[in-house]
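The following blocks contain the structures, represented as C-alpha cells.
Both of the next two complexes hold subunit A, though its partner changes from subunit B to subunit C.
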Partner chain A sequence: MKAEENHGNTKKFGMVIDLDVCTGCGSCMVACMAENNVPFRKDESDKLKSITWMRVYKLSNGKPYPETDICYLPRPCQHCEGHEGHSPCVSVCPATATDYDMQTGIVSQIYTRCFGCRYCMAACPYHARYFNWYDPVWPKGMEKYLNPDVSVRMRGVVEKCSFCIQRYQAAKNRAFMEGKADIEEGDYQTACTQACPAGAITFGDLNNPAHAVYKLKKQPNAFRLLERLGTNPKIYYLSSREWVRRAGDNYLKNEGPAKIG
Partner chain B sequence: MKIDRRSFLSLGIGVAAGTAFSPLPWKLMDDVSIWTQNWPWTPVPAKGESTWVNSVCTLCPGSCGISVRKVDDRGVKIEGMKDHPVNQGGICSLGLAGLQLLYSPDRVKTPLKRAGKRGEGKWVSISWDQAISEVAGKLKELITGGQAHTVAGITGGGPNTLSRLFKRFLTAYGSPNFFNIPSIDDSYRLALQMMNGATPDATVGLDLENTDFILSFGCGLLDGWGSPVHMFKTNTAWRKTQARVIQIEPRLSRTAAKAYQWIPITPGSEGALALGIANVLITESLYRKDFVDNYTSGFEGVVNASGELQKGFKQHVLDNFSPKAVSELTGLDPAAITLLAREFAKAKAPIALFGRGQGKLPGSMDEALAIHALNMLMGAINQKGGIYALPTPDSQTWPVVPPDAVADSGVKEPRLDGASSDAYSRLNQLPPAVLSGKPYPLNALLVMEANPLYTMSNSKAVQEAFDKIPLVVSFSSFMDETAQNSDLILPNHIYLERQEDAPLPAGFSKPVISLSKAVFKPLHNTQHAGDTLILLAKGLGGSVAETLPWKDFEACLKQAMGDKMEPLQKTGYWVNTGAVFPDGKTTFTTPSGKFEFASSAFCPGFTPVKIEGDASYPLLLIPYDTMRLASGYAANPPFDTKILEETILLHQDGLIEINPKTAQSMGLSENDRVLLQTPRGQANVLIHLEEGIMPGVIALPRGLGHTAYDAYIAGKGVNLNGLTGPVADPISGLDAAWGIKAKLSKA
Partner chain C sequence: MSNSDDRTQTVSGKAAEASSTDKPDGSSRGIIVLCFCIGLVVSLVFGWVVFPKLLYSRKQQPIDFNHNLHAGLVSNGCESCHFLRDDGTYSGTPKLAQCIDCHQDVQGNSPEEAKFVEQYVKKGIEVPWLVYARQPDCVFFSHAAHVKAAKMDCVTCHGDIGDSEHLKVYEQNRISGYSRDVEGASLIGFKKHTWDRMKMDDCSECHQKQKAVMGSVQTQKEGCFVCHK
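Take a look at the complex of A and B:
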C-alpha cells in the first residue's frame, strides 16, 4: 500500500501559496467563479451560503493597535490525500459522488451522483464544500458567458474546487493531438494560479522534481492547514511570519507549529 | 381488537422499520434527486469552437493586456495577456468580471430620450438619427444665441484619442469648458512642472522596479494605486530584491499589511513628516550633496521678485521642522523620525511617493511638494529607480483648421472652474459655478466615460447643480447615476466592443500605448462615442465639421497613431523602448534652469488642509480603497460584490471601521446600527470593530451606495461622496480633502 499512498510514479497535483506575497485582492476568487460557472445572487453577504470554491480569509494576530498585523489566506479545496486516499469527505459520501483519484490526487465531485445529504460538508474541516441552496439563476443574457467545459450545478447538490479539472482534460487532449507523451508544467494551470496578479500561487505536480511546487513545499516556512488532523492536504502555504504559521492549526500557547508530514 | 398505546407504538415502529428495510424510500429518494437534477431551467452552455482574442482592459487607467476566450460568438472568460508589458498575465478581480458588464441586461441598449421627470427612469427609445439631430439641434440653438461657451464636457477617458477628439470638438464648437476627471496624476504632473520644469502634458514615469526603498505616504500600492496589476507584480519583485516598503497611513490597509513597516501617523500630517525627514537628512548631511549642489536651486537661498535674498528650502526646514516639532504634528516619536530618515538615506535608490489610496483625489500640493523634495534631496530625479517626466508620444498629425468667429470668441471666455486652461481641470469648482450661475450659466453638459454624479464629493450640491443644467447628455452604455439623471443617452460601445487606444498607464517606467479591439460585435444598438462626435460635428456643419473631417473614429485613430498603428494592431501594444530618461538640460525648463527646491513662487511647507467640521464632530472620517470595489466610472460587477467581506457590506448595510477602544468609549459594539453625521451629510451604517485603525479615526470604503446600475449593486452601503466635500487647494485649486470630521450616534 505504501507505493499507492505516495501515488507511486503517478501525478499528485498540488499548490504552494506564498502568503507573504498574497495581497488578498480577491482575483483568484473571481477567476475561479468565472472559469467554473459559479452562480451569484443579489445578496451574498451570508458567507455560509455564498459559494466560493476559492475563498480568501483574513487572519489577524489579534494584537491591539498599533501592533496589529493581518494576513490573507486563500483557501481552495485542500484535496486531502488522508492515508491511502481516505480524505475526510470521500470516506463519508454514501453516493460515491466524491472520489479520490490516485492518478492525479484530485478529489472529484460528480454532481449528478450527489443527492445533497451534505455529510461531506460536515466532514470537511476546511469549509471547502458548498451546498446549492438555490437554483442557479443568471440575469437574462448573462448565461451567455457560461463555460461549456464545466457543467452548471443544479439546486440540491454540493460543489467545490476541482483544481479546474477541465483544464487538465483539455491539456491531456492537446498533448495527445500533438503527439506528446505527457503534459508539461505550463500546460495545466488552474484559473486562480493564472490570474493571481501577485504571482502568489504556484501549481504543479508535487511528485515531479522538475516542477516548481516540488521545491517550494520543502521550504522551511512551508506549512499546511490543520496539519495534526492527518488529512494530508495538498495545499502548502508559505509565510515568514510565525504567527501566521501558528494560525494554521489550533495550537496551545506552549506548542510550536507542527512540522509537515 | 382494542388498540392500546403499546400495540399502536409497536405497529408504528414496525411499519417504519419495514419501510426502511424495503427499497421504497431509497428508490423514491433516488427518483426525486434525479428529477430535481433535470430541472430544465438550469442552463446548459452551448459548445462550439474556442478562440482567444487579445485586447486591452480600459475599465481603469491601468491598461492591462487581456486575452478573451470566445466559444463561437460568446465570450466565456477574460484572462490576463501573458506577455503584455504592463501586467504579464496577471489580472484584477474587476477585469476578470468584465463579461458580466458586457452581458448585463441593465445596459443602455439604444439611444434614449427622457420621457418623465429627470431621474424618474422613464425613457423612450429613439433612433440614432433622431438622437444626433436632437443634440446637434440644441447645440446649434446655443450658437445662435451666442451661448456656445456655456456648454461643458466631462471625460474620464484619460489622455486617449477619444478624449482629445472630444476636446477638439468642444474647442471647434466654441467652448473652453473641457474637463478631465482630476486625480493624483495631476498633482504629480504639477509637482514635476513646478520643481523640475516638466511640461504640463508630460506623463510621470516611476522606475519602481529599480528602487530599493519606497517611502509611501499613504499610497495604496496594493489597493489599486497606479496601474494596479503592474504594482502587484512590482511588489512581488521587491520581495525578491528585498526592497523595503514603508507605509505611512493611519489605517492598516492591505498595502500596510504587506509592507516592511507600517507607520501610522495623524492623518493629514504626511507633509510635515516629509519635511521632518528632510530636516534629519540636512542636519546629519545624509542627502546627496553632489546632486543638490550641482543640479538644484533654491536650497540655500531664493532671490525674490524684488531682488532680495530670502531663506532657502534648507533654512526653512531647519527652522521649522525639527524631529521634535514634527513629532507634535504627526504623533510619531522624534527618535522614530530620525531613524526613518537614516534608513531612507542609507538605501541605494530610495523614492518617496504620494497619493492616498488609489489616488482618486489630487490632494494637497504643499504635501506633494514636500514629499517630492525628498526625491530631490536623494537625487532620485531622472535616475535609475527614480522619478522622471516621460516625453509625450509624438504629436499627432491632425489637420489644423482655423476656428470660426463663434469658436474664436467662445474659447476666450473664462472657464467655469476658474482655471486658466484645461491642463488641470478643477472639476470640484464646477458645481458651485453652476449653482451661482457665475461667470455664466451652464446650458448643456456632455458626459463621456464618466459618472460625476456618483464619483464627485458633496453629492447633494452636485445633484443640485445637475438639476440646474437644462440639457445633460450622457454617452454611457451603463445606466449609471449620471445617465439616469440625463435628458438624452447616446450609448457608447463598452470597452470590449470598440477599438480605442489606451495610453501610458500611470507610474510605468516606459511610454506604452495599448490598443483595445472590438472583441465582440456590438451586442446592442450602441455606437462608438468617437463616431457619435464626428456625426454631431457633421450635424453642426461649418468649421466644426471641418475640424472633425474623418469618416469615422477608426480613420481618426489611424491618423492619430500614425506609424504606431501597425505594431499596435499586430501585438496589441507599443513600447517606446528607445525612450531615454529626459536629460535635465534639454527637457526641463525651470526659470533657474535647475531643479528647484524653492523659488520666489513657492517653498514646500506644511499648511494643514482645512478639514471641514467643528468641535461637535469628535471623529475623523477617512475614505479607503480596496481592490474588491470599483469606485470610478464602472461600478462593481456581481462577482466583485460577491467577494466583498461581510465586514464591508452586510446585506444592504455598509460597515464603518472603528477602533475597538473608540467604540467602547462610545458604548458601541460590532454590527451596532449607528447614524454617521458629517457637515456634508448623514447615513446609517453598521459598526465594524477593527484593531488596525487609529483610535479616533473611522473609515468607509469608496465604491458603495450606488442608486443606479443594477440590483446587484444599487442600494447597497453608503456612497462616501455624500458625506464628504471638496477643499480647494491654495496652489492648484484641485481637491485637497483627505477626510472630514464626523460623529456617530446610536440609530
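Take a look at the complex of A and C:
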C-alpha cells in the first residue's frame, strides 16, 4: 500500500506552506478567525481554552548564539486522508459528526451533530481540534460582522478548520451561474492563503496537474508533519533547512527525515 | 433497631386490611376497564389532536400577499421578485425595492394594500416576511444548483405558494423553532407530495435518485459539507 493515495479522478484539496518564506506575522490566524466566526475570549492567555483553527507555532533549533535559528510553522487542520479516508478523528467519532469526503478530501465537522465527547481531540496528533468550553460571546455590535455563510458554534461542541468550505460552496454557485462544469484554481482559495502577505501558503487541488500545489508538493524539500504515523495529511511544508524538516517528526539521532509516501 | 421493626409490622398490617376490603368484584372490574378505556381515548386525542396544535405556534404573515394577482401584473414572472444574483446567491423574499415602483401610493381599495403602503412603504421599513422553507442555520442550500443547473421547478419543493391568492399561516415548532413546512405537516412522517417535508432525508432521497456523487466515508452517502456549512 502506498501511503499517499489518490481518490481517482476526484478533487483532493490541500496546501503547501513554504516555511522559509513565513515570517510568523499571524495574518493567517486573524483572517481565519474573522472568516470563520471563531469565538474568542477577553483573556486568551489560557491556551487550553482558546480556539485557533489556524495556529502559528514557533520552532527553534535549540542551539546557542550564533547558531540560533527559529522557524514559524502555521498549522491548520491537516485534513488527513489516512488509508481510504480513515483519518484518526473520523475513525473514532461515535456520532458521525466528523466525516471524510472522497469528493474533496475535506474532513468535515457538523457542529449540530457533535455532542462533545472529544474523542477526536484525543485522536488528533496535530492538536487541530478545539472544544467550545463556553458559548461564544461577541463584543456588542460585533454580531453584525459575523460571516453569514458560516454557522456559529455553541458550547459543548468541537470545531476545527474546514478549508473555508463556504468559499467552495460559493465558488460552485458562481460556476452554476456561468454554466461552467467545474471551478478553477483561483475561484476557491482559503482565507489564510489570501491573507498571507509573504505568499507562503499555496492552496489547490493536489490531484490536478494544472494547480501550483501539484508541483510544489513534489519538491525535494517537501515534508509533512508526523509522516511516519501514516495519517497521510494534505498539508505539505517546504523548508531548505534540514533541522526544520527533522522537526516534523520525532526522529532519532541516526535517522534522517522520512521520505513522503 | 426495635423501633423500625415495629413500624414495618404496622405498615404491613394496614396493607393486609386494605387488600381484604378492596377485593374487586365484577362491577368494580368493569369500572377499572372503563376508566382505562376513557384514559386511553383521552391520551390518544391529546397526542394526536391537541399536542400537534400545542407544539406549533401559528403566526400570520405581516401582509397577506397575493401571488395570483401579481403574476399577471409584473413583467418578468417570478424573477421580478425572486431572482438569482450573478454570483449565484439567491435574492429570496423580495425587498421593498421590488414593490415600490407600483406601490408608491395605494392603487386599489384592498385593506391589505393600504396597510402595506401605510405601515411599510411610507415609513421605508422592510416587511418581516416569515419564510416557510427556512432551514436551520447549519444548512447550506443553493437555488443556483437546483433552478439554474438542474432546471427544477419551484413547485417541486415549495408547492403551490407561487400560484396562491393568500399566504398560508406560518407554523413554528415551539421547541425547535423550525417551520412546519420543513418538518412536515404529518407528525408520523407521512408524505404525499415532494414538498410536504424538506428534512435532511428528503434532500438526500432526491439526490440519491439523481445519482449525486457519494463521497462520505462514514455513511457512503453524500459528504456532509455538500449541504452543511
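We adopt the following convention: the second predicted complex is superposed on the first by the 256 of 261 C-alpha atoms of A that agree within 3 Å, B and C clash if a C-alpha of one lies under 4 Å from a C-alpha of the other, contacts with A are read in each partner's own complex, and residues count from 1 in each chain.
The rule is simple: contacts are C-beta pairs under 8 Å (C-beta built on N, C-alpha and C of every residue); 3 or more make two chains touch, one makes a residue touch a chain.
In this text the structure is predicted, and so the values were computed from the model without any measurement.
Once the two complexes are laid over each other on the shared chain, residue contacts for A:K42 go to subunit B alone; subunit C is not touched.
Legend: residue contacts after superposition of the two complexes on their common chain; A:M33 is shown touching subunit B, with no touch to subunit C.
When the shared chain is aligned, no partner comes close enough to touch A:G256: not subunit B, not subunit C.
In the superposed model, A:G186 makes contact with neither subunit B nor subunit C. With both structures placed on the common chain, the touch criterion links A:V90 to subunit C but leaves subunit B unconnected.
Looking at the shared chain after the overlay, A:P209 reaches neither subunit B nor subunit C.
In the superposed pair of complexes, A:V152 makes contact with subunit B and with subunit C alike.
Of the two partner chains placed by superposition, subunit B and subunit C are both touched by A:T112. More residues of subunit A are touched by B (comparison of subunit B with subunit C). Contact with subunit C, but none with subunit B, is seen for A:Q166 once the two complexes are overlaid on the shared chain.
With the contact threshold set out at the top, residues 111-112, 151-152 of subunit A are in contact with subunit B in one structure and with subunit C in the other. Residue ranges of subunit A in contact with subunit B, taken from their complex: 20-21, 23-27, 29-31, 33-35, 37, 40, 42-47, 50, 52, 56, 58, 60, 62-66, 68-72, 111-112, 115-116, 135-148, 151-157, 191, 194-200. Residue ranges of subunit A in contact with subunit C, taken from their complex: 10, 84-86, 90, 93, 96, 99-104, 106, 108, 110-113, 149-152, 162, 165-166, 168-170, 172-177. Subunit C contributes residues 84, 86-89, 136-138, 140, 142, 144-145, 148-149, 213, 215-219, 223-226, 228-229 to its touches with subunit A in the complex.
Contact residues of subunit B toward subunit A in the complex are 29-30, 33, 36-39, 41-48, 71, 74-80, 87, 89-93, 96-97, 99-100, 102-106, 222, 228-229, 232-233, 235-236, 239, 252, 254, 257-258, 262, 264, 627-628, 638-646, 649-652, 659-661, 691-695, 710-712.
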